Every structure is written in C-alpha cells, then in structure tokens.
Amino acid sequence: MVMLGPNQYGKAEVRLLRVNRSSSSHELRDLSVSVALSGALTATHLAGDNSAVLTTDAQKNTVFAFAADAFDGRGAAEIEDFALLLAEHFVTSQEVISAARVSIEEYAWERLGDHSFARSGREVRTTTVTYDGQQPLVVSGLKDLVLLNSAGSEFWGFAKDRYTTLAETTDRILATAVNAQWRYDRETQWAESYATARDLLMSAFAQTHSYSLQQTLYAMGKQVIEGVPDIAEISLSLPNKHHFEVDMSPFGLENNGEVFYASDRPYGLIQGTVLRDGAEPLLRGWA
Amino acid sequence: MVMLGPNQYGKAEVRLLRVNRSSSSHELRDLSVSVALSGALTATHLAGDNSAVLTTDAQKNTVFAFAADAFDGRGAAEIEDFALLLAEHFVTSQEVISAARVSIEEYAWERLGDHSFARSGREVRTTTVTYDGQQPLVVSGLKDLVLLNSAGSEFWGFAKDRYTTLAETTDRILATAVNAQWRYDRETQWAESYATARDLLMSAFAQTHSYSLQQTLYAMGKQVIEGVPDIAEISLSLPNKHHFEVDMSPFGLENNGEVFYASDRPYGLIQGTVLRDGAEPLLRGWA
Amino acid sequence: MVMLGPNQYGKAEVRLLRVNRSSSSHELRDLSVSVALSGALTATHLAGDNSAVLTTDAQKNTVFAFAADAFDGRGAAEIEDFALLLAEHFVTSQEVISAARVSIEEYAWERLGDHSFARSGREVRTTTVTYDGQQPLVVSGLKDLVLLNSAGSEFWGFAKDRYTTLAETTDRILATAVNAQWRYDRETQWAESYATARDLLMSAFAQTHSYSLQQTLYAMGKQVIEGVPDIAEISLSLPNKHHFEVDMSPFGLENNGEVFYASDRPYGLIQGTVLRDGAEPLLRGWA
Amino acid sequence: MVMLGPNQYGKAEVRLLRVNRSSSSHELRDLSVSVALSGALTATHLAGDNSAVLTTDAQKNTVFAFAADAFDGRGAAEIEDFALLLAEHFVTSQEVISAARVSIEEYAWERLGDHSFARSGREVRTTTVTYDGQQPLVVSGLKDLVLLNSAGSEFWGFAKDRYTTLAETTDRILATAVNAQWRYDRETQWAESYATARDLLMSAFAQTHSYSLQQTLYAMGKQVIEGVPDIAEISLSLPNKHHFEVDMSPFGLENNGEVFYASDRPYGLIQGTVLRDGAEPLLRGWA
C-alpha cells in the first residue's frame, strides 16, 4: 500500500582547502563539496539493512583523499574535473550505486603575497556533475554576483489591473544578485569558459539599455550562448533588488534620482532559461 | 540561433500579518507569500514590450487585497485556500498568464492573552499551489522541525571501502531538521491534515528504532501516507545533524554516551520520497 | 611609542550536548559555551613566547570534561553553575590568568518521549559569568523572544520637526524580539529566577497599555526588578519590529487594522536599563 | 524602589544608496546608517509622555534628507563627515537630546562602466561617531576582511595542563576575519587614513612570521599606530578560523600540508587593543 520512491543520500558541505605548495608561490582552492548517491538502496529504507550503504563519512574521506592528487598541476585542474572524478568513482566502485551527483562551490581569494591571501567575497563559482554510467552532465555557474546600473533602465507600458499602482518610469535603478547555471554539452576548457561566461554576464548587464529585468535576463543569456560555443543552455534567477527613490517633498527637498532606499523584502524574482537553437531545455534549477 | 526557454516571474516573500479582530480574542496569521507567473511573455524578454506584464508590485498588492477577505472566519481559512484563490485569480484574470505558482510559509504564534502573542519558533508550515487552468496541484509541508533521539539509534553493518573509517555503533544520537513536502490528490481539511501529518512525522521519528536515517525517513513517510488518506506522496529531506561522542580518554575520563559535540558541517543528507501504491512520483523538491 | 592595551582570548561557541541518562527518561542540555581569558599575556603578543598560553583547544576540552560531571543531578545543575565552575577553574589553575569570562547559550527542547525531543525554537537562555578572583559577576538573560500585541498600543503626542511625517495613532501593532540581560547581586535558584524573569517579561509586555515602546520597556524591567529579589539590574534591547497597515484605498478597499506589512529594515531600536533603587548600573550590553 | 538607568533609542539599519550623477560617470555610496539618541527621556519611559520624543521615523527621514547634500563633491565626502553632521544635528536641534551616536557601514562597489557596478563583497568599512556637545569621538574601522597565510605560522611552546592535547606545530594555516575599530584623536583625511590603515592591516598580517595569532594581532595594531599618526588606539577582534590538516594515513596517503578541513565552530577568538604610548584605552568593542 506504501512504496519507496526516488531517493538519494550523501555528505553535504565538505569544506576543503587545498594548498598547492609546488612552487614558492602557493595557490589556494577553497571548496565546499556535496555528494549525493542513488541506487538499489531499498534494503536500508525498508529493513535497516546497511550492507549496501557507503557511509557519508566515507564519502567525506574520499573527497579529502582525492584532493591529495588534484589542483597541483598534475591531476584535476578545475572543480568540474574534480567533480567528474568523484562522481565516476562512486558509480564505478560501488556496485549498488547507479548515479552520483557532485556539487562544488568555489570561493575566490586574491593574492597578497607568496603565501598570503584575502578572500574576494564577490561571486561564488559552482558546478554540479551528474553521472549515471552514461554521459556525465556538467552544469556550472555562479551565484551572489551583485550588479547595479544607476542609469539605462526604464519600466513602463506594463499591464494595468485593479491592483496596479506602480508609477511608470524612464529612469530607475536596476540591481540584482545573479544566480546562473549553464549546461555544457561537451568537455571544454573549464576555467576559460567560466571566465568568459562570467564576463559576458557582467558586460551584458552593464551594456543592455533595459526596459525590463526580463529583457536584461534574456540579453545576458544570449551573450553567453553566443560567446561560449560549449554552452547549450543557461538558466538565470535574478532577484530584482528594489531601490526606491525617496520622496523628499515633505521636507521641501527635491530628489533627482540621487537618494534611494534599498529594500530587502519583498523583491521581484525573474527566472528564465536561454537555449541554443535546437537544444533541449534540461535546467530547472529555478523551478 | 538563440531562443527563450522556460521562464517565470513574480514577487517573492511578501511578509503579511493578518489580524482577525472579529472577536475580542484576536487571531493572527503571519505569512510570507511568493508568487510566480508564466505564460506568453516572449515580447518583454526579446523586445522590452511590457504590455502583457502584470507588475510584481501589483502582484504584491493583490496578495494584500485578497488578505482583506481571508482568515476572518468567512473567506479562505487556511494557507492552501489562500494560495488557491491567488493562483486562480492570476490565471483567470490575466489573458497571457497560463500558469501560476503561489508558495506560502506560515509562522506560528502562541497565545499570551486576548491580543498578545509569542512567536513559537518551532516548525514553519508551508504550501505551494500550482495552477495552469486545469486541476490545481497542492503540495504542503513543513520545515525546520528539529528532532533528536538520545537512544534507539544504531548504525552498523555498512559497506566498507578503502576510505571507510567510521566505527560501527549500536547507540548513537539521531538528530535532524525535518523538511517535508507532501502532495494532496484531492481537497481536504487542510488544517486537520496538516496537524495529523506533522504529528505523525514526530511520532514516527520518536518511535522508530533506527538502523539508519534512511529507515527512519521511510517510516516517517509511511506513517503519513497510511494516516492521511488525502496525501498521495511525501518527499523528505533530512540532514543528519551529527553529534559526536567526545573522546575523554586523554583526560582520564569515561564518556558513557553523555557528552557530545554538535557539529555544523559537513552533514549527512538523506532524501527520499514515499508514495501511496500506484501514485505517480511528482515531487522532486530535494533534487 | 606603541603599547599593548586590554586583551583577552579564548574558544568561542563550543557546541555541547549533554544527555542525562541516569533515568530511563533522558534529559537534554544543549549549550553553546564561549570562554575568554585575560592576564599577564604580554609575552605572546610582543615576542611570540607562548609559555603562559593555555591553548583555546585545551579550553574546549575543559568544557567537555567538566560537562561529564555536570547536569546529571549531582554537579552543576544550571548554566550559571557550570559557567561559575569553569571561570573559577581557569583563574585558579592558570597562574597568569587573572580573569575569565564564560558565556553560555542554552537551547530548549520539548519532550516527545523518554528519549525523543523537538527543539522548541523560542527564546534562548543566556548567562555570562565574569570572575577575577574576587566576587563573580553573574549576568543572565534571554534573547530572540518575539512578542506581539495586536491591540493596546498607541503612539502620539511626539515631537515634530521638519523631517517628521509619521501619523499619530491610537491603535498600532507593537512587536519586538526581546533581548534581556539581568545582573544577580547574590546566588539564587537560577532556574526558578530565570523562569520568573522570563514570565514577567512576557506578562508585562502583554499587560501594559503602551504609549511608546520605551514605556513598555520600563514596565518590563520594573516587573522583573520587583518580582525577582536577587536581580539588581536589567538591561533590555528591544527592536521595534514595524508592522505597517497597508493602504488599500487605491483598490477601493478598507483596512480596519487587519492587514499589515511586516518590515525588516530599518527598525526602531529601544534600549534601556532598569535598576533596583540604589544599585550601580553595570550593564551596557546594548551600548 | 525601581529606577530608570542608562537608555537610548533610535532607528537602525537605514539602507541608503546615494548616486552621484554630477558627471556622466556616476559614483555610488551604499550605506547602512544607525542612529541612537539619549537625553532627558524619563517621561516617555515612566508616563508614556512622548512630547520630547523625536520619532525614529523622523530620524530615518533625516538620514535621507541629509544625504541629498552629501557625497556629491560639495558636502560631506566620507562616512565620518556624514556621521558627524547627523550626530551634531540631533544634539543641537533637539533640546532634550544630549548625546547622539551614529554608526555607518559602507559596502564597496567595483566600477564596470559609467553607470554600472559590481558589489565587491570584500571588507565592510565602518564608522561610529559619538557626540555629546563636546568633542566628538570618531571610531572607524572595517569588518569581514578574511585573510589567510598558508606558510609562516607556527604554534608551539604553549602551556600544558591535564586537558591539553593539541600537537605543537611549526607549520600551520593561519586564517582570520578581521574586525578592527580604531579611534582618531583628531580630524584627518578620512578616506586616506582608512585606506592606509586597511592596507597596513593586510600587509602586517601577510608579513609577520607568526608564533601565535596574538603576536600577529599586536603586529597588525602596531603597524597601524605607527603608520597613521591620527589614530591613537586600535581594537582588533580576530577569530582563529581553524583549518585542520586531514589525517590521510588511514587511506595509506600522505598529507604534506596540502589538504585541510575548514572548521566552522568552535573557533579561537583573539581580541586586543594596541595604543599609542600615553593614550587612554577607550575601545572595548570586543568586551
């Protein structure tokens, strides 16, 4: 009368710092790695029989152990390589595991000296590799890239219903925190493709004269699809971080688009996918 | 060469307090409402033509306006009713909008007096209604319900590989923060069904002698499916909030399962769906 | 030309779960313990000479080790006792340490069964013990107790300047998150005094017909000072969690104090100390 | 029997964006401003008489109104100037207000174009001005500057007691999130002094061969006192963000200082003040 449906398990947020000391100028990779495995795991759910369960503790150990051979100029060079290695390891080494998903966040550091660094605090680089024994799916992206245009943004001509009170404007602040995920349809130079995609997201945001955040979203996605041949699809989730012009007339002052109140909640949330013509939409990270 | 894929937009986290003053003993409903709409919105993405765009500001106003007639003993009585009303309103009143998704979180308050309350701080009640003009999909649940068993939990007999170092145990702390979403396959008494499901999750956690968190997850889901006839499917995401027994032998002390270190990260994450026999798995909230 | 001023060091946020298994009905104490030590520590600052430095790792171990003999019906029964023990230990056992401050947060759990619990999520109980070899200073309190009155709150007759636009009101929502610290001037029954103080804070908030949050703050403090003889002073920090009545007139609707928007920022912040007559004000936790 | 002690009130976290549009290349100042006022306010606390209360809403409006004349090349140029203006305004314009404290956080943005920006996400600049009609006290600083040395850090020769199990090391990761507050004893070029102090904090951290975080703290403070003549005192609060070398021997692997686990809690917390010789220690931000 009751049955087990889809399931997965793993270790989340393994915080790993890898120091490459192969030259006197050290290099850092600062990661948070999450693993999720699925397969023939009915016995543990129904009967508490753990004989097929690779512990999440062992998964954590595996992440650390594999890091010993990565990010040092010889093994995996980028988080996509590392996630691919891990995902393939779990599926090929554990008989009951038929699929693995490895997600990695990478935090950037700025160099202050040969072995000194300051955390950059800007965008976080991400990747999620899903592997089921066939073709791996590599979805990379970034999050928490906060962008703002203080000119070049209008919003008017929208639908009006009984509840519409918003004034039309030809000059507003446009600000967002970019959350982007893109799907590669083949292996690529991960670092270069990432840097290109990130730079295109920023330049498209800056250079689009915007009539809606939807339009800006599409322009950002279009730039990435056109500029990075190995990306087939990109999903963007863009909160509209509202900045309201303060009405100073009660104090006898004018506000010529200079003083704004930055609001936390509620916020608009614009989400959409842009695809290379003919590609199948697979990303629903925002759904 | 580039095309627009799936997209949606709306206002997120409209923080709404509804006070029912119809008797001298007030009642509170404290909500966070998020709206997402989709439909024929290509023009705004490609050309900045907003003529079909109902502003997210108007969506926010609609939430407030509809609250005037809800939660007062006459109109919508529960968050599911309120989300249904809103979702249907957007789809039926806006020609281009073909689907709406309304998500609500509700925060509970304890009564201190006729018009005085303390926020409970325990679990948050949730619902998400999706409506596309056909049958609405109602998925309710809860989050942040933190549970702990100090006995009745074992973990042994698991697979061992090169990276397995975890000791087997017949007595460990089992703790989690329950995130549950369940799908109703018909209208029901929303408040009663919610309370029953929540209580069953708690009692199943407490009463299951556990050999793995997976087993506890299945028992929790099974109890809900068996105990609430209108629920067809439940998806559970259960972090394993590790509590490690402190090794006191270096100080010449014994630790008989009394002193534990509560670890933040990394954590196990066990996710699974339990279904009524014959039901189609629709929930992938955890995916 | 440069000199070392006041300094302290220690281990912060040691997350400790103590399970009392002395009866078949277990009891939980869930704590976060922070230690700060000060004394003759110039050598480590100026010359990197660590011979007088008790490591913060050893401080953490001490917290765990002392917990083995506490909270089990024999040793320390309450967080104040435990903090006193720890503070005295560090000062008396380490020659160079002349003062110790031990701060503890305690998270409450509700019982679900003999060995099953749900975290309550309401207020957090706190204590800070400072000991310098003389009389220990015990400051206890609570935080994150969110209270709301939906009637009995007015705000009018305030000063007006050029920038004052707020409308006067005889009926507003009053909501806050209580952060309170009180100073005991002698040993007491810690658990009973805590429960009494907490209950008085809640009842004073609920029962005061308020003309300002300042007035409510004073009433809350006064109740505690009058109701708990061992408390000499209480410091309260009360954010004014604004709930704005939504103007529905643009939609042709009335809002009779029923629909409110809960705002995050900015917020009012009202802070003050209430003293037993003749007591010296020592608390500046809010400063 | 009960009396009112020290008290203050105000508006906290006014989120303000100031766009300087005086040239085609816009400039942004992104601030969070908090105001606290104190004075002869017994009547509102004891009797709900608000006639002397300048509303916190008016304080918020004042912040916005004053911003209209600031940060545009003519009025206040830096957050210290702006806080001074506001603090003096409240004390001089409100008869009952005898002291004002204005705290400002500033978030930095990187330029992407004439009117396009990306939030930097690195350190937050801060200032707190306290004014009581006499000499204003200006305390500026920064927070959330995360620094890491992957070499040049040792920790050994420390005290051992029964609970000391930490191994000595001549090579460890040293990482912290700098929270610094420094007191100016005269007016200065605020922006230049800030930039110099920040750069000295970073270079001192990077260049000090460290035998303890205390030693690094002192070196950082000393550099600032010696390098910025207008700073009399600096208070530093430095969490020791532990990175533990992972023991790979159970997997038959060596770890030569390359793979680390970044731990969240507990953490060491090292706090201290460094003073110009003869200065009075006033800062106890960390206490």
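Just so it is clear, A, B, C and D label the chains in written order, and each chain counts residues from 1 on its own.
To be clear about the criterion, contacts are C-beta pairs under 8 Å (C-beta built on N, C-alpha and C of every residue); 3 or more make two chains touch, one makes a residue touch a chain.
As the structure is a prediction and not an experimental result, all values here were calculated from the model.
Common neighbours of chain A and chain D, by the contact definition above: B, C. For the copy pair chain A and chain B, the superposing rotation over Cα atoms measures out at 180 degrees to the nearest 5. Across the two candidate interfaces, A-C and B-C, the one carrying more C-beta contacts is B-C. Farthest from chain A, judged by the mean position of CA atoms in each chain, is C. Spacing of chain A relative to chain B, judged by their CA centroids, is 23 angstrom. Inter-chain centre distance (chain A to chain C, centres taken as mean C-alpha positions): 38 Å. Mean C-alpha position of chain B lies 30 Å from that of chain C. In chain A, the residues that reach two or more other chains under the touch definition are 14-15, 61, 65, 163, 165, 250-251, 264-265.
The touch graph of the protein chains shown is complete. Residue ranges on chain B touching chain D, taken from their complex, read 162-163, 165, 250-252, 264-265. Here chain A touches chain D in the complex through residues 14-21, 26, 28, 30, 61, 64-65, 67-68, 72, 109-110, 112-123, 144-152, 173, 202-203, 205-207, 243, 246, 248, 250-251, 253-264, going by the rule given at the top. Considering their complex, residues 1-15, 34, 36, 41, 44-62, 65, 93-94, 155-161, 163-166, 210-212, 214-215, 217-218, 221-222, 225-226, 233, 235, 239-240, 265-277, 281, 283-284, 286-287 of chain A touch chain B.
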